[in-house]
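Note sheet for the following structure.
The chains carry the letters A, B, C and D, assigned in the order they are written, with residues numbered from 1 in each.
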Amino acid sequence: MRKLDNLYRQIIMDHYKNPRNKGIPDDDRYRKEHIRNPSCGDDVTIATLVEEGTVKDIRQDGTGCSICCASASVLSELLEGKTVADALRVSENYVDMIMGKPFDEAIAFEDALAFEGVKDFPARLKCATIAWKAFDATVKDGENDE
Amino acid sequence: MRKLDNLYRQIIMDHYKNPRNKGIPDDDRYRKEHIRNPSCGDDVTIATLVEEGTVKDIRQDGTGCSICCASASVLSELLEGKTVADALRVSENYVDMIMGKPFDEAIAFEDALAFEGVKDFPARLKCATIAWKAFDATVKDGENDE
Amino acid sequence: MDLSRLRDDFPLLKRKHIRYFDTAATSLTPRPVVARMKDYYENLSANVHRGVYTLSHEATEQYEAARATIARFINAFPEECVFTRGASGALNMVALGLAEKIAEGDEIVVSELEHHSNFLPWLHLAKKRRAKLVFVPLTDEGRITTENFASVLTERTKIVALTHVSNVLGYTTPVEEITRLAREKEAYVVIDAAQSVPHIPVDVKRIGCDFLVFSSHKALGPTGLGVLYGKKERLEEMDPIEYGGDMVDLAEKDHATWQDPPIKFETGTPPIAEVLGFAEAVRYMERIGRAEIKRHGENLRAHTMEKLRAMEGVTIHNESTEGSLISFNIDGVHPHDAVTILDSEGFALRAGHHCAQPLMAWLSVPATLRASFYIYNTISECDGLVEAVGRARDYFLSP
Amino acid sequence: MDLSRLRDDFPLLKRKHIRYFDTAATSLTPRPVVARMKDYYENLSANVHRGVYTLSHEATEQYEAARATIARFINAFPEECVFTRGASGALNMVALGLAEKIAEGDEIVVSELEHHSNFLPWLHLAKKRRAKLVFVPLTDEGRITTENFASVLTERTKIVALTHVSNVLGYTTPVEEITRLAREKEAYVVIDAAQSVPHIPVDVKRIGCDFLVFSSHKALGPTGLGVLYGKKERLEEMDPIEYGGDMVDLAEKDHATWQDPPIKFETGTPPIAEVLGFAEAVRYMERIGRAEIKRHGENLRAHTMEKLRAMEGVTIHNESTEGSLISFNIDGVHPHDAVTILDSEGFALRAGHHCAQPLMAWLSVPATLRASFYIYNTISECDGLVEAVGRARDYFLSP
């Protein structure tokens, strides 16, 4: 069960049961991205408010497994307040970490570090990255998606 | 080459090179049946004139391999003059012989006996029976086929 | 028959200490089936229907003999069995083949129980021809009944496309009665037998349906092969669906004629090794006996059901099923999470919508866990599964 | 590379003392390919794209990795390669997929050199949409040239569907130039590469075509599998062709959305074992080297051609071919009879119309003999073949 416990660490279960920043505001200043994984039903929306190159607020919503929902919650806390460039760099390194690739260990991942164990569960990699992909899209797209 | 020689007996080669009863008459009293084996290009037409239950005349035409063409020629000689019932019985036994099944050895197959060797060449069974199938159709069908 | 011996035929069960409960997605493949295909590749390896030389002739003979074996298995004539890419491919062929018969306002009857592959081709056909897609109301349990079917059957019903056994709930549709009613209205009846052929005796003549489809890979056979059964008259009157080599009789520059069924519907080099392999799978099932296969799967399901039912925190979606599978959820635990725990102990089962999103909507769940049982599963595996489900529940739900 | 060693990988060559000259119909399958499929069935045997458990995830990873291997082989992106039933299935998919783009009076360019599978789908499409089927005039030798193609290209040309390498004459069509001309008129270009992929390097980006199809079983791979390459933009703009599980994204009772290509075109359980096996075949070809494969086949053809040409009573239909096959007839001997003689000595070659009836009409023969050469054939087998042809001729023609 060691590997499993690495996967389902208390931090993850805490975010799963008590999601932060939940609920998408009806506010056009937010850029929104909705991603689903139809094969398993994971469904995440990320809404990001960027002002002057800084991520001012992140809101998230959706349904899915604990890994998916918790990672959206963790992300919404971690990236808030960062510049867009920094946030994207963290996101990129997070995805590398999940994929088991080399990543910048100097980055302060905070709660997101709890997801490192996912790399041993290849079938769950998507669950742990879907919210991050959605976030990237909200700050990379020139256009508002919805 | 023994098996091959059984297949390509002189009788067969003779009928192939000098086909009997060749050419389909333009005569509505003949019942005609045209069968092709598209996979190899064998193409046979049999035209049968039946009067009062007796096969008065058989004409044949077509293109194809030696086995196919020769068997049409042999058939046209063998079955002429027989009653329809007798002709069908010969035809049935001929097909059984080709297929390697038991058949009535009392039947006078004449030249058609030369085809017995075909049974060792399963890929050629169709060639040796296609004309006979066409003949059967000309005397079994209620309707004129063409 | 001693089924425990037969486990030796499935190397996967040994090599990975796998407890395989996902037969409804794809069955394991026994050694004789793999050996049959190996034999084809190593000793025959020729194309069919075209060659005059011995190898090719033998391939053709074996291919057609395999067709006869498979046809007999569902009580069809060989010429009524068309080989396809799979059940999905077969259903699309029927939908294409029947397209011309559908006019605006006609009705196509399906159900929310259908696998996407017996739903989306009809949804597409309905949209294209401006026909109406009609759903048989399901009972509270989620069943299709003759009564409920009768309530939607009208003079405008042109096609009835229903699953024989549900891949999520395991229920058997009363296809004989439904076919009888539908044929009275001269509607075409298409049965999706992907989940019935591996598990219960299927007799197309008794059902009386016009078309019936199934997949090889769910019934001990190889991937890449399905069967489209079509009643002789139907296949004869239907135009070809795909054009090309083999299915053609005479091909001229501006005109062509076709072979008779089934070749009329099998253009190109067919899945030769797969057909030979599937015939071997059919013989394998016949050796076990179809009654025995059914009994064994149902036994395991009943045994597991009883234990799961007694377990707190587990919701079962098909308590009354007669089939060989159980759909359930661990309350408060997403099926994905549950399956990861189970997988870590070697239990292979499915979490998802099982290609039946309308049914998930009907059940009001995003996804379920599904354990399906087959000849190679054992009571002790089932007991292990139940215990593992308990552990998964506790893992997530204990404070 | 020492090709003679590689014969050990083809058990058929040993076991039956077969001299196999029918690769153009289907190639033999080397041991590693069969072993790869056996390994899938025995150690994995799970379905793809759907399961969250390890086995299924591994199957999905291996399946997609195999797609990448196969795509790289023709210099395509993985998402541009759709797995189909075979080349014939793929051609029918393209014809169905392009149907909506064709209006009355549009022109579809084909040739008399086409295999039925790249002719009849277009004949059918032309009839259905009242379009015109236009034939590229062949040169006296029976070739498609850029010039002759240009002579039939018009503003109304909407589809150009041509063979890359002829399965009867072995000629290579100048597909790059033809595609360039056709794309200037915005016609879709479909290349039938069933006979080129096994023999010569094929680079879809260099050709520039919109679609290109080939079969696994002609290129050392298993039966039951073909590849439809479609340019990214083409596949994206094209509607799905078959509907059902896997290819769907969201499925509601009255509405559905699709996955991205290639999955959009792959409904149902794919030919998993076959795809893994074919990727192994691709690696096998890559190990030998495509230049070497081409060189060897052409060598054997040249060697055999020289000897056959010197033989009296033999008519060769493709003397100037650059390909790896020879089409010929023994004068006055029906190809069927000839092949029976050759077969009795263990030579497997084809007699027939080779699914190219329009070309037989063009050649004014009912059928030809065809010997095709591949990596496992040897010079001494070819010498044996020539001698056997001589004996067959003498057998029938000596008085």
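Rule of thumb we're sticking to: contacts are C-beta pairs under 8 Å (C-beta built on N, C-alpha and C of every residue); 3 or more make two chains touch, one makes a residue touch a chain.
Bear in mind that the values here come from a model prediction, so they are computed numbers and not experimental data.
Between chain C and chain D the centroid-to-centroid distance comes to 31 Å (mean Cα coordinates, whole Å). For the pair chain A and chain D, the distance between C-alpha centroids works out to 46 Å.
Between the Cα centres of chain B and chain D there is a gap of 38 Å.
Among all residues of chain A, those that touch two or more other chains are 38-40, 123-124.
Each of the following residues of chain D touches two or more other chains: 50-54, 56, 248, 250, 336, 340, 343, 351-352. In terms of which chains touch, the assembly is arranged in some other way, matching none of the line, ring, star or all-to-all patterns.
Taken pair by pair, the chains that touch are A-C, A-D, B-C, B-D, C-D. Considering their complex, residues 49-54, 56-58, 61, 248-250, 259 of chain D touch chain A.
Chain C contributes residues 11-12, 15-16, 18, 20, 22, 25-26, 28-29, 31, 33-34, 37-38, 41-47, 50-56, 84-89, 91-92, 95, 112, 115-121, 123-124, 133, 135, 215, 217, 222-226, 242-246, 248, 250-254, 256, 267-274, 336, 339-340, 342-343, 347-352, 354-355, 357-358, 361 to its touches with chain D in the complex. Residues of chain C that touch chain A in their complex: 334-337, 340-341, 343-344, 351-353, 357, 360, 366-367, 395-396.
Listing the residues of chain B that touch chain C in their complex gives 36, 38-40, 122-124.
Chain contact summary for the complex, chain B toward chain D: residues 1, 3-4, 7-8, 13, 38-43, 63-68, 121, 123-124, 127.
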